[in-house]
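For reference, the structures are reproduced in the following blocks.
Shared between the two complexes below is subunit A, which has subunit B as its partner in the first and subunit C in the second.
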Partner chain A sequence: MASGLMLAPSIIFLAVCSIYPFIWIFRYVLYNYDGIPAHTRFTGMRNITNMFADATFWGSVGTTFEYALWKLLFIIPLALLMAVLLNQKLRGSGFFRGVFFMPTVISSSISGMIFTFIFATGNGILNGILQSVGIVNAPVGWLTDTSVVMASVIIMSVWAGFGNYMLYFVTGMTSISEDVYESSRIDGANAVQTFFKITLPMLSPVLKVVLMLAITGAFKDYEAIMVLTNGGPGTRTNVMFLYIYNLIFGTGSNATRQIGYGALLSLMAAVIVGAVTIIYNLVAKKLDDVV
Partner chain B sequence: MAKNRAQIVYSPKQKAIRAVLWVLLAIVAFLVIFPVLYIVFGSFKENQELLVGGSDIFPQKWIIQNYIDAWNQANFAVYTKNSLFLSIGVMLISLVVASMAGYVFSRKTFPGKEIIYGIFTAFMFINVGSVSLRPLYELATKVKLNTSLWPVVLFSAGGGQATYIFLCRGYVNSVPRELDEAGRIDGCGFFGIYARIVLPMLKPVMATIAILSFRQGWNDYILPRVFTMTNDSLRPLTVGVNMLKNAGDGAAAWNIMFAGATIAIIPILVVFICFSRYFMGGLTAGAVKG
Partner chain C sequence: MRKLSLALAAMMLLTVLFAAVPAMADKTVITYWSNDRHDETYMSAIVEKFNAEHDDIEINMVIMTDDFENSILLAIDGGNAPDIVGQSVTLKNMVDYEAVVDLAPYIAADEEYQKVNDPYNHKYEGLNSIGDAIYWVPSGQRSGVRIEYNKALLAASGFEGIPATLPEYIEMAKKITEDGKANDPITYGIGFTSSSPFERQLEMMAQVSGVFYYDYVNGKFDFSGYKPFLEAGRELVAVAYPDQQGVDNMRAMFAAGTFALWGNASQEAGVFTNQFPITDFEWGVAPVPSLDGEIKGALQVNPNKGYLMLSACKNKDAAWEVIKYFQSEEVLIGYMEGGFDLPITSYIDERIDKSKMGRMGDYSLLEYESVYPAVPSINLTGDNYRTVLWNAIMGYVDIDAAIEDLNTRYNAAYDEDISLGFVQRLVISDYDPLHPAAGTVTWLDK
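Up next, the complex of A and B:
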């Protein structure tokens, strides 16, 4: 009796905040719904055929893959390198660790905002610094030039997130026994050999988890991108969850709001993330067998 | 044996290498800290100076007028109050709900327990993005809760509870059952054992959950944004400061936005500096047990 009452709040939360919205999505997948209940119309397979013909959506899926790939390419090596350096127990390691972790406690909306100011073309400080030291002559359109805006987004998201993964690596490394390093030193291994022959292999379980978190995390990012570029210029940085957000909560009129269609795309996006996760797990397993 | 490490004597070459590595760490640390310094120092600049730009992060002339304006004219007093309400609300609800659920999951066996636990886990991995906020928003409107911040508090706490429940359950598992037994002999019921024996033992994990859930409430953006779309007086700092950016007079209000962003990050940074142990401990504990 007491236990039932004590469990009740969490069960109610689970039902209302997780299960109910999930079922609700399926309710609207085949409907045209703009937020006004009286307008709701069953449209059969139209949402589905629209989805396959929606170049903007598939473009945003492509953008998501591009974004995730670049982000991972920089964030994982940086997090790993910083973790290795911190593991050398240099003076001030604790302080550095705290500094690297700090951006992760800042709201993604505020990080997006800070970088809007930094990357501003005319009066942003990045262009100010680059120009004053003479690296560029004319201001770079960090957020307006389609050829560099993806780099700006990646810089922001690496800044905001690498501290998390660094901390996982640091924690993983502290569990590697000191004796192993001791014996490798006696055998005359240099730092690079030690890293590739000892640290990395012994870290591989942690690395696999971190990669998994980083991949799913990168595919789900959109809050900070929304603040920084809102998908622009054009659709250059329009990742799929941002596109979907604007379909469902867009600031435009009700006429442009497509909630039923957005619900369908959300499911598709969830399936895409799920498929990527599964493929990653298969690859990770294969690598395990090889090594 | 690891304790001996401090006494290792480095050769001159090793010392040089370690100095280089230290410099590398310092450079990255500087790059990481720079954006925060830029926004904090920038908030003391005159708007004119911000609009001109340049490469100097220190103000030519230090002023606090931006904060006064943000506080009085741009509604930041209200935003700050809302942010505090939101984060403290999410924190208190998370603590109560997660500690009770974790205790029951750890100590009680009942039919369907594994299934319920499985559903909790499954929904940690199912992520359909912002669409799930739509039904919640309509639900709040239907029960006339949309004129207060309560639905945001409740839905935020409800959405984040799974991790905290797992943390609590893992920790309660490590509390010896003999203590429950002792409590029972002394006449405590199931709830009494929780309140008098288990809860006091949970202090470390409760501290972690308090910190993580406070941060969650303080930093929430999409959820309060959706719920306060038409109601400026309910907006927390994260939403309020960003709405200023979208308002169109963007360029004109840089000084207010700098001050607003600073107001939004300083409290959470202070909490982080004071309790960094719990922030970092919570991350890894969640990964292992979740």
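Up next, the complex of A and C:
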């Protein structure tokens, strides 16, 4: 009885905030629904057949994978490197820890706005600096050139997110006993050996959690991208949740709200993110067995 | 004695306050949501005047510029809907949601309103009316797109004005960009925004050349006619300012003399006078060129500044009084003379002092400007035509493939929506591209 009462608040919140909306979404998968009850019609498999033929959606899935891959490739090593450096208890490391964490507390839309000014072609801050020091002769189309824009988006998202993961790593490192490091020093290990033989293995539980958070986070990113490029130029940075957002709210390039179709794509996106997470967990488990 | 005076003063103050509170409470508050920010100063002043002159009604004006329709629907669902909203909504959605009141009975009973606003001659099926019902009446209209140009940059390259044909227009943009390379900072022939760039110039050049995306005669979508405009767009983009930023950023750059040619409708009169005032050079306004110099189709204008009464309004008669006030002769003359909009009725047009309109006078309607019949809204999967066509101009997709994709997707979605009963097929068998609103509208079930 007592345990039931203690669990009740969590169960109620879970039911109201997670289970009910999930069922609600499921219901509209087979409907045309734009928020107007009079327009609601059962359309059977129409949304599903449209989804398989929707080149924009599948293109956005590919873009999401590309974006997530590049982001993870840079954000995790950078966060780890900064964590190791700031864990050296050097003077001012507390200050830099705060500075690197700062972007995490800035809202995504503000991050997008800031980088809009930095990456503008004609009057942007970055091009101004690059041209004034002679690195480039003509302005780079950071947000308009399809071959460059993904790099711009990655730079912004790494800047906005690495401080958070860095803090996880720093916290993980503080739990590693100083005795272990002392022993390694007595045995004559240098800094690189200490990192790969002591820090990294003992940090692996934290690393696994951080990687999982980073993977799911990267696949769900869209807010700052919406502000910075709105998925463009063309559909070059149109990640899947941005496409879904525009469908559900009737904004962006598709002016009619398609909540039913958007609900189906949300479920497909959840399946994709879930599958990636499961694959990651399997790989991580295999690595554990090997190590 | 001093304490007694203070006590008496306090009692008088309290009496006044208590007397005032019931008076305020007796007023019926009518909340109006506008999504126009450009006329905020004028509208706030006339609201203040109304409130000062009326003991029975108080207008509470709220400006909501983002996600207007969604916000209204959410407010209705949440039970805190406003009483009156501006016309920037999809009428069919609002009617199907049973969210709006038919104003026809109020209009029929008010001769003064009819005289000033001429509602029966400004009844546009699907736009402000459905059948006999009238949901809003336009007070003004936004002109079709014009070319705003920097006279100094044109003159430096040997041009005096905007040519009548698109090929000449392209050559002009190329020449100005080429000449601008010698300037410090570099100047360009033309600039495009990232916000609906196709709509702001090339789509309107296609319109006056007789090309429209909906084939009214056969009741289907047809994007085939856009091919020469997409090819022209590629040439223009190649010599344009190398960045497509938001509208206001590009306006600011035009005002700073960064590029010579800009395309937008009559709202630019106020923009380049107040928001980004142009002081360093003279700027002109000209009609958009057509493909071969001949005008074969009407340029689209948009009736606007109308007011819808929401069904949730508890004091409909008071709300009508407010709408009547907003659309009264006195308010409308001040509004048009303030340069906020173009008059839509000859009654107001004949009564305004056009010398007070500022640059809005440059946007007076051309003889080939007209309202187009509203194209049915469909459940389209994927990007809309403006995005796809601009992607083709930018070279992200092949031009022929883009046109084929749009023809296929739009017509498949249209046919399916018709078969499911969501929409009816709009056919105007006697459609005239120069007079699009004059045809006989027929709605088919298949």
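Definition applied: the second predicted complex is superposed on the first by the 267 of 291 C-alpha atoms of A that agree within 3 Å, B and C clash if a C-alpha of one lies under 4 Å from a C-alpha of the other, contacts with A are read in each partner's own complex, and residues count from 1 in each chain.
We adopt the following convention: a contact is a pair of C-beta atoms (placed from the backbone, for glycine too) under 8 Å apart; a residue touches a chain by one contact, two chains touch by 3 or more.
If you're wondering where the values come from, they're calculated on a predicted model, not measured in any experiment.
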item	value
Combined model on subunit A: subunit C and subunit B, fit or clash	clash
Partner chain in contact with A:I11 - subunit B first, subunit C second, else both or neither	first
Which of subunit B and subunit C A:N281 touches, first, second, both or neither	neither
Partner chain(s) touched by A:N164 [first = subunit B, second = subunit C, both, neither]	first
Greater subunit A contact set [subunit C / subunit B]	B
Contacts of A:G122 with subunit B and subunit C, given as first, second, both or neither	both
Subunit B versus subunit C as contact partner of A:S175, first or second or both or neither	neither
Touched partner set for A:A55, first subunit B, second subunit C, both or neither	second
First (subunit B), second (subunit C), both or neither touched by A:M113	first
Which superposed partner A:I25 touches (first subunit B, second subunit C, both, neither)	first
First, second, both or neither for A:F249, with subunit B first and subunit C second	both
Against subunit B, colliding segment of subunit C, chosen among 5-13, 23-31 or 77-85	77-85
Touching both subunit C and subunit B, counted on subunit A across the two superposed complexes	116, 120, 122-123, 249
Contact footprint of subunit A on subunit C as seen in their complex	67, 69-70, 73, 93, 96-98, 194, 241-245, 249, 253, 258, 377-384, 386-387, 391, 394, 396-397, 416, 420-422
In the complex with subunit C, residue positions of subunit A that touch it	32, 34-39, 41, 43, 46, 50, 53-57, 116, 120-123, 139, 141, 143-144, 146, 230, 232-236, 249-251, 253-258, 261
Subunit B-facing residues of subunit A, complex	2-3, 6-7, 9-11, 13-14, 16-22, 24-25, 78, 82, 85-86, 88-93, 95-103, 105-111, 113-118, 120, 122-125, 127-129, 131-133, 159, 163-164, 167-168, 171, 178-179, 182, 191, 209, 213, 216, 220, 222-223, 227, 241, 244-245, 248-249, 259, 262-263, 266-267, 269-270, 273
Touch list for subunit B against partner subunit A, complex	1-2, 5, 17-18, 21-22, 24-26, 28-29, 31-33, 35-36, 38-39, 42, 50-57, 96-98, 100-101, 103-105, 108, 110, 116, 119-120, 123, 126-136, 139, 154-155, 157-159, 161, 165, 189-191, 194, 215, 218-222, 226, 229, 238-239, 241-242, 245, 254, 257-258, 261, 264-265, 268-269, 271-273, 276, 279-280, 283-284, 287
